[in-house]
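Next come the structures, one after another.
Next come two complexes, and both contain subunit A; in the first it sits with subunit B, in the second with subunit C.
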Partner chain A sequence: MKAKFRNLAAGSALAAMLLGAGNASAETLKVAAISGYFSQGFGIAIMNGLKKAETDFGVELKIVDTGNRALDYEEQFNNIAKGGEYDLVFVMGWELVDALQKSNQAYPDQRFIFIDGVLDSPSMTYVDFVEEEGSYLVGALTGMLAAADAEGFNSSDEVGFIGGRDIPVIRNFLMGMEQGVAEQAEGVSVSSVFAGTFDDPAKGSELAMTLYGQGVDVIYQAAGPTGEGVLQAAKAAGKYAVGVDIDQCGTAPGNILASMLKRADVAVYDLIKGEVEGKPVKPGPVSYGVAAGGIELKICDEVADKIPAEVKTKLEEVRSGIADGKIQVKLNQ
Partner chain B sequence: MTLPSDNKPAPDALKTQGMPQWAEQLIGQAIAVGISIIGGAVIILLVGESPLHVFATLLRGAFGSWERTAGSLLQATPIIIAGVAACVALRGGLFNIGVEGQLYMGGFAAAWVGFSFALPAGLHVLVAMAAAIVAGALWIALPAFFRARFGTNEVVSTILSNYVAVLITSYLTISVFKRPGGWSETEPIAPTAYLPQISDVSRLNIGLFIGIALAIGLHLFLTRTSAGYSVSAMGTNVKFAEYGGVSIRRNILVILLCSGAVGGLAGGVETLGVHHRFMEGFAPGFGFDGVIAALLANGSPIGVIGTALFFGALRAGSLLMEVETNASREVITVFQAFIILCVSAQILIRRRRDSTQGERRWKF
Partner chain C sequence: MEVLERIFNIALIAATLRTTAPILLVSLGGTFTTKAGIFNIGLEGQMLLGAFFAVLGSIWTQSALGGVLIGVTASVVVAGIFSLFVVTLRANEVVVGLALNLLAGGLTITLTKAIFGTRGSIVSGDIVGMPRIELPVIHDLGPLGQMLSGFTPLVYLSFAMVFVVWLILYRTRIGLHIRVTGEKPAAAEALGISTAAMQHIASLFCGVLAGLAGAHLSLGYITMFAENMSSGRGFMAVAVLIFSNGDPVRVLFGCLLFGFADALSLRLQTFGLSSYLVLTVPYLVTLAALFALTYRQRPKLFRETAETLSLIRRRQA
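Here is the complex of A and B:
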């Protein structure tokens, strides 16, 4: 009896060794992510990507919440980088850039990936979403609806745009939208305005009301919290607005036409996948546009059946046109 | 403000029999820390980690190497200074819950001097610190005046002024002094306005010594000077102090202004020593940590050095704990919350007991 048990034990030990050996040859990838926003829109998207990679590839995950004390950031980066334990470290949040760059100098071998922004450090990887492509799609959709006088689009041949501040990156949104309207919807024009701030929903609401008052039926906003006010105004005025960055359809169901999504989850998952499959992440910019699935225009479920089928078909053509390079979206810079 | 020395009651006359006061307090503090450790351990068990492993990592993160120890001291520095600020008021029987706001105003004023003027090294940093002190004092001036003149509750007015301070500095940073193209922060200050670092391995700077010197200075002032005695007398029993010839209104004004000035300096030391610029929302909660450290030390400035080091070590240790264990850094917040509960319970118990003997420790 005892001998039997011993055999069993030996057998399972052997099995464990074999299994262990199998794991070791694949060598578990260790990934850390550091940000103060894991509970908010964009951060949730990153988390989703990480979780999916965890289930699909068995990577080991470490989530570090920075909190909001600037004093802590440097130590937090150093604690992660010091052991050299993590293969990749995802970073999100502009307030972390200073500490990130210091840590990058102190630990040049640690691979950091900064999400959503262009940094001035050649040794770091940064993920940049091609917003102008998504904005082109927004322009195409809203322009076509206005031109076709679809339901809720009767009053004018103008579509609206509200930007946060007049800075290059927000200009890219506007340029993309204008190009989309010009090329896909003849006779429609864009009426644009900048709020001058990203933090003032009341101002966003006020500007949106003015545009709606002028007969604009839909407004695309790229204005952070200011844009929340635009979405609320769409509800109050009974008109349409288009969300940005994350799925904002639920903010004012029925009045949000679509959301231009930056798929941080796709980017994160994709980079980890590449790493697992032997295509390691390299320093420098990584662009995620329509082709890579990093940019997507999601039409809100609540309004999907109000959009004419031919508009949907045409939009899909435009999307694949951008994806395979037939349509080139110009940049502001 | 001077009291005839023969009017001084022997301190022991007001005291309870039995244990010496310091021993009683030390035991009280030990109970508070003990309960919070047990409470923290329960939380850690609930998230499926071993409390021993977590506490060991916490200790290693706080004192594991010279670098880590320096990190703990770095975290403790603003808490020491903010704690001394709170002590000044507490000892006079007043509550300055506005340290947070004074810290923000002081931090901004110091940074402003740092990036707006070109002064010789040495002088520049002194002027910047003076600006922080003045800004802190100015920020409490209104609540202090209202308290002294009309008896307005300073707890409410100082708390409210915190929000205003945070938002004003936010506005100034984003709309007036923002560094072009950057995050919500000002231009960096000139290197002539840096507080000297103690060593290269950490951002620890001589702000730590400033804090310790302030604490010792306040202790000496309270125990060795008659002006200090009149402050303590006020804190112990306002009626008695007034009877003894202390000008209460004047003292209230001066005590709160000094408390605010030290609070401002706490912010100045942070911007001049660590960040070298002002960032929007740069140090959330340090003012409150200071108030808690002062309460836990029962208003003793020397005690504040100890409690602030304890909080600093907790914070520094928690940064490593979060990376190396599955316990969230928020365990530390739970820890601190338990401590606050225990300390407020003690204050309540003491007040109830002492008030029957004609002594009233804090106002509420």
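Here is the complex of A and C:
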């Protein structure tokens, strides 16, 4: 009985999909988004992308804030998926992964799009930001400033990196930065440390103080809340730090050199646009790097005039080099 | 040689004082409960709540002092709940302590979400942090003087508190009564000392210092709140307390050693050693040293720990 029911549900979902694909312009696209982070950083970017798609394409939006109730995450996914009502369901937040994968098994025809990471399930779509490309740009910028002995960057020929834990995804940031420094700034090296935790900003601050004390003038952090401590240390020490994921220039204005942005708004908008224009979202990872506009290095306004013009010109060359594939950012080399 | 200079420079002293201060404050709080015969595993949670409410208070009152007071108040309330359960209602202190730690972790996440609508951390320009204080005379004593100056107020207070706590415990009537309560409850009752009252008082003193430690973390060390930002410092304090038997001077020694090893390990990482290995160093060093220091007293310590864990029934009149 139950199996029959599921077949029925699957059948109707399939029918809905075929219908949707058949006359995409006539039917309004229905999009849901589930996360616990809609009012901060990355979540705001996702909301912006969704809102823009709503205005431009008239899609129907359903926002589900998971709140803090870990027990019913799965139920929340199932509630969205069981009607087969929504064409696309965007999901953000690592704490939701288990529930998401269970719901994905129960409702294999519901198209889930997980933002910022790749999971095991082959039937889901993944927005995968190419963080190593952005980190390459960070390496190029900080390295060139150190090599040129620009004002405020002349203490040593080292630039710093602070990671949360020594895990593969954080290594991607470091490898990108190291390659950027090695290829774009001769004689400069990266001094890297890991805090061993993502939620100890005091430790982040102490690590940053240590690096600054050793003559490092600028630190790139990929360490979540621990990294917030790094940004505060930059202010206390009168040195520079580089923000990550979202625009962190405002945290310590004047001491944040740049922010490596993952443009979730660009990715979300782009996927919905494709769906509307007859290029449906398919399972598997979709990479958003520099070329697609998903990764961007934003130089903070407060410090923009301290960066020499030739460094800016060179950085733009590097950026377009990555975008058109002349510069290949490799991992595990 | 150059390598050694990069590790052992004068900045290491400042880093040691910074990393020591929060653990020292919370450990000193724990000396009161340890001396009063309560095994207080709830330090971590009290510290975390202190940190959270200090940030909240700082935003509400727009002053760092207001933040500290509200942070300490929150921590004292939790300490009161702890002693209410443990002393008055005779619940198991480990269970209550753990429960309060879990409550603190969940409550701060929920309140962050409810009040600020965010998860993970509270970073805002509205949080008023504590100012750095340049000590007038010491600051002019060359580079070493400059390293000993320019901290936020609670760093100085944490080291001053070692003496204050020692004074309270060993030179005041209430300190004597607290110690008697912990060492010989039967004798205390015979002398007409209310052991229950002493344990309540010790727990509240502990709450004050744990709250200060939390407020230092979120308004002094840095100016923000992050989920679980106490990051095991309260548990480290419990370890220091077990081995030091709550003696303020030994507590200072243990915490300084931990702070030094911690600051040192951060430096070792820049030479390419694996972060996983290096990050264990401070814990290993501290445990090894405290163990060696108290080797001779072990039988007594084990007995007392077993007693406080209620593995052996505590004899009470």
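We adopt the following convention: the second predicted complex is superposed on the first by the 307 of 333 C-alpha atoms of A that agree within 3 Å, B and C clash if a C-alpha of one lies under 4 Å from a C-alpha of the other, contacts with A are read in each partner's own complex, and residues count from 1 in each chain.
Note that in this section a contact is a pair of C-beta atoms (placed from the backbone, for glycine too) under 8 Å apart; a residue touches a chain by one contact, two chains touch by 3 or more.
Every value quoted in this text rests on a predicted model; they were computed, and no experiment measured them.
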When subunit B and subunit C are modelled together on subunit A, clash or fit: clash
Which of subunit B and subunit C A:166 touches, first, second, both or neither: second
Subunit B versus subunit C as contact partner of A:74, first or second or both or neither: first
Subunit A residues touched by each partner, larger count belonging to subunit B or subunit C: C
Partner chain in contact with A:211 - subunit B first, subunit C second, else both or neither: second
Partner chain(s) touched by A:62 [first = subunit B, second = subunit C, both, neither]: first
Which of subunit B and subunit C A:320 touches, first, second, both or neither: neither
First, second, both or neither for A:97, with subunit B first and subunit C second: first
Which of subunit B and subunit C A:154 touches, first, second, both or neither: neither
Overlapping segment of subunit C (options 27-35, 63-71, 99-107 or 135-143) - the one that collides with subunit B in the superposed model: 99-107
Subunit A residues contacted in one complex by subunit B, in the other by subunit C: 67-68
In the complex with subunit B, residue positions of subunit A that touch it: 32, 62, 64-65, 67-72, 74-76, 79-80, 94-95, 97-98
Residues of subunit A defined as touching subunit C within the complex: 36-37, 39-40, 67-68, 165-166, 191-194, 196-197, 199-203, 205-207, 209-211, 213-214, 224-226, 228-229, 232-233, 250-251
Interface residues, subunit B side, partner subunit A - complex: 61, 71, 74-75, 78, 183-184, 203, 270, 274-275, 279, 281-285, 315-316, 319-320, 322-324, 328-329
Parts of subunit C lying in touch with subunit A, wherever the complex brings them together: 6, 9, 11, 15, 18-19, 22, 109-110, 113, 117-121, 123, 125, 217, 221-224, 226-229, 231, 262-263, 266-267, 269-270, 274-276, 279
